[in-house]
C-alpha cells in the first residue's frame, strides 16, 4: 500500500481554528526555505508568527491520534506541520523532497513520508491537486477539509497550478523507524492481517505470525 | 517510475495475426494453471495448441525490440507470452503473482515484472481494465491494440469484470537482473539522465555518472 | 525452527536395500575427501563402487518426496547422499562444513543445509549421536532407521565417538534458494501459517499474506 | 554460539538481598504489562514498589560486570531487570518477545537478547524451566541461584509450568549494537579467537584479524 | 574517490597558534590511550593540559568550514582533534583504527574516516609520512603546514619512522552518516556531478538526479 | 588489499610466444569494441585472427595457476585475455569498465576485477603506465614482462600516453563469486590468516575461524 488517506484527521473545530489562524497570520514566499528552487511558487506561514506554534501543535496532535497512521508510518519523528497557501497562478512543480531536513531538533529529520492536510473546501478552488508521478501516470489527491494523505517522500510529485480560489493546506514530513518503503509496506500488510485475523487463527499460528512480524521489525528498523 | 507503457509494441500485421490465431485456437479454463484460485475467471490458450508457439514467438520478439523495455526491465528472462480472453462475466480478482514460475526452462523464472499486451479495440468491450491497487487508489490500464504495460509483479492487481464484448490480451512475466523494484527504478532514472545529457555535460562528469551507474548495476544485479 | 526431523523418510524396503548395498560395498577412509582433517575418523562408500549410484539415487529420491522438506529447505540442489560408517573408536570431531563443494555438477554446490539419514537401529550401537553445538549446550540426534534430520551447515557439530556396534548413515548437503538461515526460517513459518490457516481467514487477508510471502521469497532468494 | 550461560553472575550476598526484597515486596499479575496475552500466568514486582529500584540496580550492575557478557551481547542498552515469580500452576506459554519495549527512556528499547537470572535453588521447585524451541526440540535452562542465561529474543520460548515450590527469577531485555543474531555470533567467535590467540600469531596477522573484526563491527553495528 | 586532501584547511594564524600551544604544553606517551599496542611510539597532548581544549577547538572549527569536507565525509560527529608529535626514532607501525572510540560524548563514536592535519614544514623533518597500504603498494602523504588528508579508518596504515626533526600533526576521527565506504564514495561522485552540472542539464533531469541522490542518501544513511 | 601484483605470471617461453603471435597478427582500432568512446586510442588483436585463440588460451591458463589469484579473486569466470598495443601518441583516457560484458558465453560476464598482463620490457617504451585514480592521487603500474596486476573494475583508471616505443599487454576481466570489493578483501585477509596461522593456533580456534570464513563466504557469495 503506497498511500494512506485519512478522511477525518481533523474535526470541524480544528479546521475552523486553523483557517482562523491562517487568515490572520503573516505568510512569506515559499522560496524562503528553498532559495534556489525554480519550481516552488507558494506562500508559507512565517515561522516567527505566533500562529505557527499553535497551528503546528493542532496538526501534530491530530497526526498522533489515529492507529492507522501509526500502523502505516511506524513514526519516529513528525516535523511540526506548516500552513501553506497557493493562490491563483501558484503551483509547486515536479520535485522530490530533500532527504534530511533541519526541523529544529538535535539532529536532522529524515523525510521518509510526506503528508498534506487539506483545509479548504475543494469546490472553492480550481487546480491545486497533489499529483504523484508514477511513470506517465499520475495519482491525484484533493481531499475534503480535514482529510490527510500520507505518501512516500521519495516519489516525484507536484502541486497542480491553482487557477482560481485558494488552496490552504498543512504539510509535514515524517521519519519512520523503517527507511525502506517496500519493507514498511510489507510489515504494514502483515500487521494488518494480525490485527484482523489474530483471534480467528490458532494461538500457535498467531504466535508464529507475531514472531515473523517482530523479527522483520527488528531487522528493518533503524533502532528507535 | 513504477509503470512503463509502450503504445506501439506491436504493429498492425502482428496484431492481425495474433487475433487470427486467437480466433482459431483452443482456449481452456484459466484455473488449469492456478487450480485453487477462487478469483481467476478467464480463458487462456491451450499450451498444446499449435497457435501457442507462434503467438508466443511474435509477442516475445516484440518485447525484445524497444530500447525502453530493456532500459526499464533489465531483462534476464522473459516467459513466452500467453493469449488470454475474458468474455462477459469474466474477471481476475485481486491477487499478486506467484514469485517463481515453471516456464519450461532448466530453472524457474522469478516474476519481477508482469506485462499485459492489449489486442482488441477498447471501444469493443466494456470493463477489462488492468487495475493496480495502491492503497485505496487504483491505477487503471486499457490500451489501444498493440499497446503494452509493464508493472511490478509484487503489486496487488486485478482485471475488472468484462460486462460486454471480449478482452483479448497477451500476458507474460519477466525476470530482471535487478530484483528490488526501488533499485531498478533508481538505476533506470540515472541511466535516462546519462542517455539524455551524456553529451551535454563534460567528459569527466559523464565518466563519473557512468561509474556510479556501473557500480550500482553490479551491486544490485544478481549476476547475469 | 532450526532443525527438521523427518521420522519416516525411508520405508522398510529402502532401508533394507541400503543396508544390503552397504554390506557388500567397498568403503574407504573418510579422509579421502578431507585430506588434512585431524578430526575426521570414519569410513565412506567409495565413489567408484557400483553401490554408490544406486544408494545415492534411493536417498535422493526420498528427500525429494516430503512436502515438509521442500517447505523447510527451499531446495535448489541436493548433492547425491553418501553412505558412511562409524565403527568402534570412530568419530567426527567438532567442525563446520565447507561452504562450497564439488559434487560433480557444472558449478560447486553451496552447502546451506546438511542432512543425516539414519539406517541402523540405535539400540545396536553405542554413541554415534549427531551433536550440534549451541554455546555450551548440545542438541543430539540419533534417530530410528529411515529417519532424517536436516540442520544448518553453518553450525559447529560433531559425531560422538561410537563405542560399540556400527553407525550407518547417509549424509548429504543441500543448496537452498535462500542462503540466510534466519530469512529461511521466517519464510518457512509464514508459509506454514498460510498453509494451515489460508482458508480460515478472509480471501483478502489470504491475498495479503501471499503477497508478503511472495515478496520476501523474491527478496531473499538468489535467483533459481 | 546461540546461548550464553553465566553460572555466577550474582554472588551470595546479592542473591540473599534479592530474595529478601522479593519476600517483602508487592507483586502483581504479569498481565499488567501484557494485557491481552492468554499465555502469561505469573506474578511480577510492582514497578511502584520501593524494592523495584534496588533490585533492578543490583541485577543491572551485575550484568555490566562480566567481560563475557559484553563480548557476547555488544550491549547498547540493558533494561532494568524485573523480579518475577511463578508459583504452582503458573507458567508462560510459548511466545516470542515484543520487538520494541518502553522501558522509561527517551526512546523504546529493541529487544535483541533476553536474559533470565535464576534466584531460587532448583531443588526447591518442580518445573519452571526456561525452554527454548528449536523445531521439535527444546533446549532447557534451570540454573543454580545467581546463574544467568542470555538467549535471542527472536526465539519462540516458554516457561514450563511450575508444579510445586516457587520459581523466582529476574528477567530483562538487551539492545545490542548488532541486530542480526548471525552477525553477532560470527563477530563474537572472531573476537574470541583474537582474545585467545592474539599473541600466538604474528603481529601482522593480528593486525589483519583486528582489521577484519573492526570492519565487520562497523558494517553490522547500528551506530553505537 | 578514496582520499580527500585539503591543502589550506588552516590559515597561517591558526598554524602559528597551534605550534605555540604545542610548544608550551605537556605531552605524554601515546600508549596512554592504547596501552597494549607494540607498534605505537609517539607523544600526544595530555588531555588534562589547558592547551587541549583550545587546540581541539581550532582544528574542529576548521574541519567544519570547507564544503568539500562536508561533501566527502557526510559528517555526523567529528572527535576533538589531538596534537601528536613524532621525534627522531618514533613511528606508528601498521595498524587499523579501532571501530568505536570513547570521545567523551553520550555514546561512542564510530571511526569511519581518519584525518591528519599537518602543522610543521615537511622540509624540517625526515620521514613521518602517513602511509596507507593498498596491497604491496602504499600511498603516502606529507603535506604543507595547514594541509589535511582524510582517509578511511578501515585501511591498514602507518606513520613512517621520523629520522630527524619533528613531525607535529593533529589527528582526529569522523563518524559519517554513511558507514559503507563504497556507498559514501558513490554518493559523493553523484553529488559532485549535480553541483557541477545541475544548471547545464534540464530541470527535469536535474530533478531525476536529485531524486536518485536523495533516495541513495536515505537508503545508505544510518539515521542522523 | 586493493591490488594484487603477480610478478611472474608468465614464464619466458610464454612471453616469447605471445610477442611472436602479436608480431604477426592483425590489430584493429580499439574503438571496434567501444564505438563511442572519445578516450580510447589503442590497437587490439582482431578477434577473427587465428592468433586470438592461442594467445587467449596461454594467458587464461596462466591466470588459473597461482593460488594467490584464486585467493584474491574468488573467480567464477575469467574472460579470454586480449592482446592490445599502444604505440606513440596512444593512450586510454580516464574511464571505468562496463559492468557487464558479452564475452561469448551463454550470459554476460560481470566485470568485478580487471587485469593487465605486461609483455614488453618497460625500459623499451616511455609512458604507458596503468594509472588508477584515488582522489587526487594515482597508483601506477608498469611491470616487468610476464607480470600481472589485478585491480577493481570499479575504479576510474587510465593508460598514460605512450611517447616512444610500444606497450604490449594482455587485458581481461574477471567475475568474482563476491561482488562487493570490501567483502572480498575482508574474506581474503581472513583466509590469509587461516592459511598462515592455521596450525599455530589450537584446533578449536582453527575451527572457529574456518566457521567464520565459511559463513561469510556463503553470505557474500552470489551462488556459483
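Per-chain residue numbering starts at 1, and chain names A, B, C, D, E and F are given in the order in which the chains are listed.
Just so it is clear, a residue touches a chain if its C-beta (ideal position, glycine included) is under 8 Å from a C-beta of that chain, and two chains touch if they have at least 3 such contacts.
Predicted model, so just to flag it, every value in this text is computed and none were measured.
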Any chain in contact with chain A as well as chain C: B, D
Neighbouring chains common to chain A and chain E, by label: B, D
Angle, in degrees to the nearest 5, of the Cα rotation that carries chain E onto chain F: 180
Inter-chain centre distance, chain B versus chain C - centres from mean C-alpha coordinates, in Å: 39
Between chain B and chain A, distance of the C-alpha-averaged centres to the nearest whole Å: 32
Junction residues of chain D - those touching two or more other chains: 154, 180, 182, 208, 211, 215, 219, 222-223
Chain-chain contacts as defined at top: A-B, A-C, A-D, A-E, B-C, B-E, B-F, C-D, C-F, D-E, D-F, E-F
Chain D-touching residues of chain C, taken from the complex the two chains share: 1-5, 133-137, 139, 154, 180-182
Of all residues in chain F, those that touch chain C in their complex: 203-204, 207-208, 210-211, 214-215, 217-219, 221-224
Touch list for chain C against partner chain F, complex: 38-39, 93-100, 107-108, 110-112, 154, 156, 175, 179-180, 222-224
Contact set on chain B toward chain E in their complex: 182, 186, 189-190, 192-193, 196-197, 200-202, 205, 208-209, 211-212, 215-216, 219
